[in-house]
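What follows is a set of structures to go through.
In the two assemblies presented below, chain A is common to both, partnered first by chain B and then by chain C.
For the complex of A and B:
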């Protein structure tokens, strides 16, 4: 009798271990040789408001691959249709990227983001990418050339995400969700362009809530990396002055007046001259000072234009609205902030500190 | 049942009471080819009878120290003639028999009707060699042999103090094996000594040929896979253990001494730990713990990940895994199970094989199990690598008994992991920890100083602290003298 009691107690303990941990008593068949863990999904606009979902199957193996596309009205329906058409079950636990077409981005991607967020299988660290052009066609053309195109693409994003390399915008689902749902902020995503010879980085897509409104590229994108995303640039070429600044690091000081009508946006930059092909004698401190002034004005003008554009589009990816928060006071409503932001006078100021070059040839005075 | 007992009692009584005489001895030594009865005439009227068992005594010494002195001696008493050896008077028949079979020569002086015994044990046996089971590069090389007296010598040389006690017991109704309990009086907790004494007195078995059998009777948890006595054939390990406040049992006819009480963590300590510099020794000790965990969990993790949690595998590894697993006929569990059983077979075979054939085994094991199994599509490359790593890792544990237990834990975790994935491994480890916590070694907790917690003992647990800092003996051994140094006055 005592033995029964003992066994009974132990069984209860065992049962509670599972029950309290929230583990299901049934397990899924996840044998890796029987499943297809897809690494990315590409979503674009299909006919009649449907979604076109594509991926490469089988992923991760050396077998012959195909691009499988399904037109569906719901995201999960697509995955289910894959299963009906492929000999292995599709699993999304290894998903690393979500490629969204530009057109779909303009329509809004809130529902897609929500589906991904609620799926416990999908990691919050998957990268979101906007693509200009027909990605499916490009995939088809790559199948024979590049066996693991998806993997190389993922490695590229991963490389630039870690340690802020200061080259491209990389945003994962978690960051995107935070920017999307946090007051006073708007999300942004990297944009890649399909060209005949490959995929190239185009710039950064700015979102108003979940809708893509603008793509900024070239110098604008560099400035965006510098003042917001990475606060670091490996190189910043300024062709106008035939100069390349290297190891550019920035520190931002934002000051807003009490009436919320003017904002001073000061960018402190530490850098050094990496390359110069102009005629000026940069060893001369005066000439260097002139060059510095020129660069400052140039960057101020460019940044001003960029911020102006943001004001016009009513997007605030720089999270400037956070500056209106004050202790012991109710935060401003986001709508009110955007209205204020539109009209705000934003003054941009650059303070550049260029590491002095060697003084071997400098014309020193008082000698 | 009772009748039998009474009968056997009667028989023993009759032998005990039977008078000690040459005839009585001849009666019991009948049909024993090596039993010798020799008469030496000293004078016309005086004869001395020698009774001995040829194979048990040292025959050269017999001539030197008994026959020669007796024949050339004119003194009336035997005790005065034999001066080189100790002489024990024998009062009873039982005592005579005992002396006879422990390698003594019985002397009977018919004129005085006096029975004496001279111990002349045959010294045949292994010389002191270096240990093969616990090899170390630096440090003392000598190890115990099968003769208990010699083993005591090795310990006494290292601990020349009168507090080192050696109490002798006899166990085994047929083997009459001597078991010597050693401890340092005034240092070792007397509870350990009394516990062991009590248990030894309760032993009721006929034959003991190894100390592990004695341990089996002394252990409190027979069904556990974890050894509760440390077996060692190194006198330095035994001496160090005695100095810490443990007890040691030396068993005759086996080179392995038993040390107790031990904890789970003692199984990971090597004598070399105290020879290496402390930083190096600590590093090596940590490596040993890591490799134990690795050898026990690596393959279960592989099975858990490939059967249940494909999400957790890094994508680079997944690329390799999918590729190497795609053509295999077995599921990861059966693949791992078969490979582990194969490895066990190879391990067992290599123990039994002579060294020369051992090479063939290595080649066959390496090529057949390694390469051919992969090429034939029985096992994946990744698994072979893991089996290799975990097998080598399992050899890092200094205690051989623990190495054997290792494979069983691994198999248990493997089954758990294939059923429930990582939660299965977690449950398995919880079960092992619970079991370890319930164990005891001569009534001392097996998992101390972790649980129950002894903070000061951690200096010699996962790391081996500098010797100058280890000024106190481990508290969990409850020594009577905690300090290891002399207090200055």
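For the complex of A and C:
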């Protein structure tokens, strides 16, 4: 009797381990040699309203990699076509990036986003990226030089996402979806430009709902990082005054009047001068004060233009509309807000707090 | 072979167990889908208000548990209602248990299918869940009640992960606005009853009287359990509001699990799978308890109380429930509209049973003049 019980218990244990390991005949076959967990998909516009999707295969094994492109009318159809054309089965569980072409972005990417959201295999943390230029061609040309191009690209995005490093815009699926679906906000994505020798960060693409309407770059993009995305910049060069501000931290205070006609947007900045090549004597507090004023007006002007542009395009990536929400009143309709936003008088104010130069100035007088 | 004594009573469990029983029976399935039905931030207040209402229910419940009658089990109920009525009531009770069992098991197996085994038939999953439950239930009521400790420690830690959502960049206070309702829609009533039904579960403690050690601290422990649930519900709901924003919340079918998918960990990439697997412990505990109650109730309903309880009888009733559940799965659960009907039915049934069972018992007690610890 005891023996029976012992055997029974062991059998139960064995059965449980068997079940826990997922070794059941009715689950999917995920033998690592037989699948290719793709790391990214690149989607661009094909002929006649079709989508052209491409990726690098095989993503794992040390075989010769190839770029595979398919023209399909539905996104998931592409995955099926890959399976029919490649000896391994495509799995999307390890997908890390989705590269969308600029032209496709201009047409709207709602349907693509919804496909990603519906698939429980696809993580909500995958990065969305807009690319200017022909990404497939670039991939083909890169395969010989840099096999792990996709991985290094992913690491770059991940590096800047974590702890808000403050150089470039990085947006994942969850953030994009939230900005897309909540009222009073519009999503944005990073834009990368394909050049002959590499991929370079161009700026931030602003979306009106799911359609790309504008790309902001250079100083505008820096300002955007500062006031919205990261609230931090490693360096902020202002060539006009031959100065570079470093470790720029910002704090935003938004004030909106009760009639919702004017908004005061105050940006408090803490920074220090990292480089100066001009003629002024920045050791002199007065001169420093002057410089500060100059930078403030310059940034105010630039930011004002940027916000003006947003108003004209009716996009609100800064989520200014959220400021109208109150704990004890009914939120206004999004349409009404957009109408108001268009006409709103937005005043920009910068308050800069600069640490003076700590080391010697090359043009000190008494030297 | 030793005879199975499923309902024998060797020891009684103290207030801690009562607290855990209340808490775990309230955290079964509905809390996973609750945010997508509550949607509006002001529902936080409703959650708290219904929690207080549930506290009153527990007060009534503890009144019953304090009587000698409750510790007499079946005989106590017979003294209270008379045998015929008890048989009739337990017959009705069978449907309530069956409904609750179906909703929590099928709901859970559908979640497992969606997120873990997309190509597996849910009937298989139900089968395996039942296999484990059968094992637990065959150990008898005593051990099943003791299992609540395991189930609690396997599942409670998960909620601490959700603290992550309360910090920026995800948390924005404006996601919680407006805090007071501006207009009350019809859907909000559904949400209200869903909350009421989510709090249901402790009414089954009525039948566990013989195994609970009761004293004047019992109500306090029951309240702790209930309060813990309120905290958990509010915490999860606020977290989901911060994560999704109230506009997207209604579009997500399993908000809590989708939130868990957002966690990242360098070791386990899909923490949600680990969490879901652990959540099964809670399900297995509840289902085994309900299986035992079902078996007991069917014995009463069909007048077989004189026969000793046996493992075979339990197995037979589990088999019947399994068949019933597969039928419910095929006929109702798999199509979305009918599933909704079943969910609504459970929402109503849960609310009714939680509201009426303690109330009726206490009213009858008053009428019959049963007093605390009075020997009858």
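Rule of thumb we're sticking to: the second predicted complex is superposed on the first by the 331 of 367 C-alpha atoms of A that agree within 3 Å, B and C clash if a C-alpha of one lies under 4 Å from a C-alpha of the other, contacts with A are read in each partner's own complex, and residues count from 1 in each chain.
Here is the rule we go by: a contact is a pair of C-beta atoms (placed from the backbone, for glycine too) under 8 Å apart; a residue touches a chain by one contact, two chains touch by 3 or more.
This structure is a prediction, so every number in the text was calculated from the model and none was measured.
Asks: Under the stated touch criterion, which partner chain does A:124 make contact with: chain B (first), chain C (second), both, or neither?
Replies: second
Asks: Would you sort A:177 into first (chain B), second (chain C), both or neither based on which partner it touches?
Replies: After superposition on chain A, A:177 lies in contact with chain C alone.
Asks: Between chain B (first) and chain C (second), which, if any, makes contact with A:39: first, second, both or neither?
Replies: A:39 contacts chain B only, not chain C.
Asks: Identify the partner contact of A:329: answer first if only chain B is touched, second if only chain C is, both if each is, neither if none is.
Replies: In the superposed model, A:329 contacts chain C only, not chain B.
Asks: Considering only the touch criterion stated at the top, classify A:60 as touching first (chain B), second (chain C), both, or neither.
Replies: First partner only.
Asks: For A:12, decide between first (touching chain B), second (touching chain C), both and neither.
Replies: second
Asks: Across the two complexes, what residues of chain A are contacted by chain B and by chain C?
Replies: 27-28, 121, 123
Asks: For chain A, which residues count as touching chain C in their complex?
Replies: 12, 19, 24, 26-28, 120-121, 123-125, 164, 174, 177-178, 181-183, 322-323, 325-331
Asks: Report the residues of chain A in contact with chain B in the complex, numbered from low to high.
Replies: My answer: residues 17, 21, 23, 27-28, 30-33, 35, 37, 39, 60-63, 91, 93-94, 96, 121, 123, 148, 151, 154.
Asks: Which residues of chain B touch chain A in the complex?
Replies: For this pair, the touching residues of chain B are 306-311, 313, 315, 318-319, 321-323, 325-326, 328, 331-332, 420-421, 423, 427.
Asks: Under the stated contact criterion, what part of chain C meets chain A in this complex?
Replies: Contacts found on chain C: 114-115, 117-121, 124, 128, 135, 169, 172, 174, 176-180, 182-183, 244-245, 247-248, 251, 258, 261-262, 264, 269.
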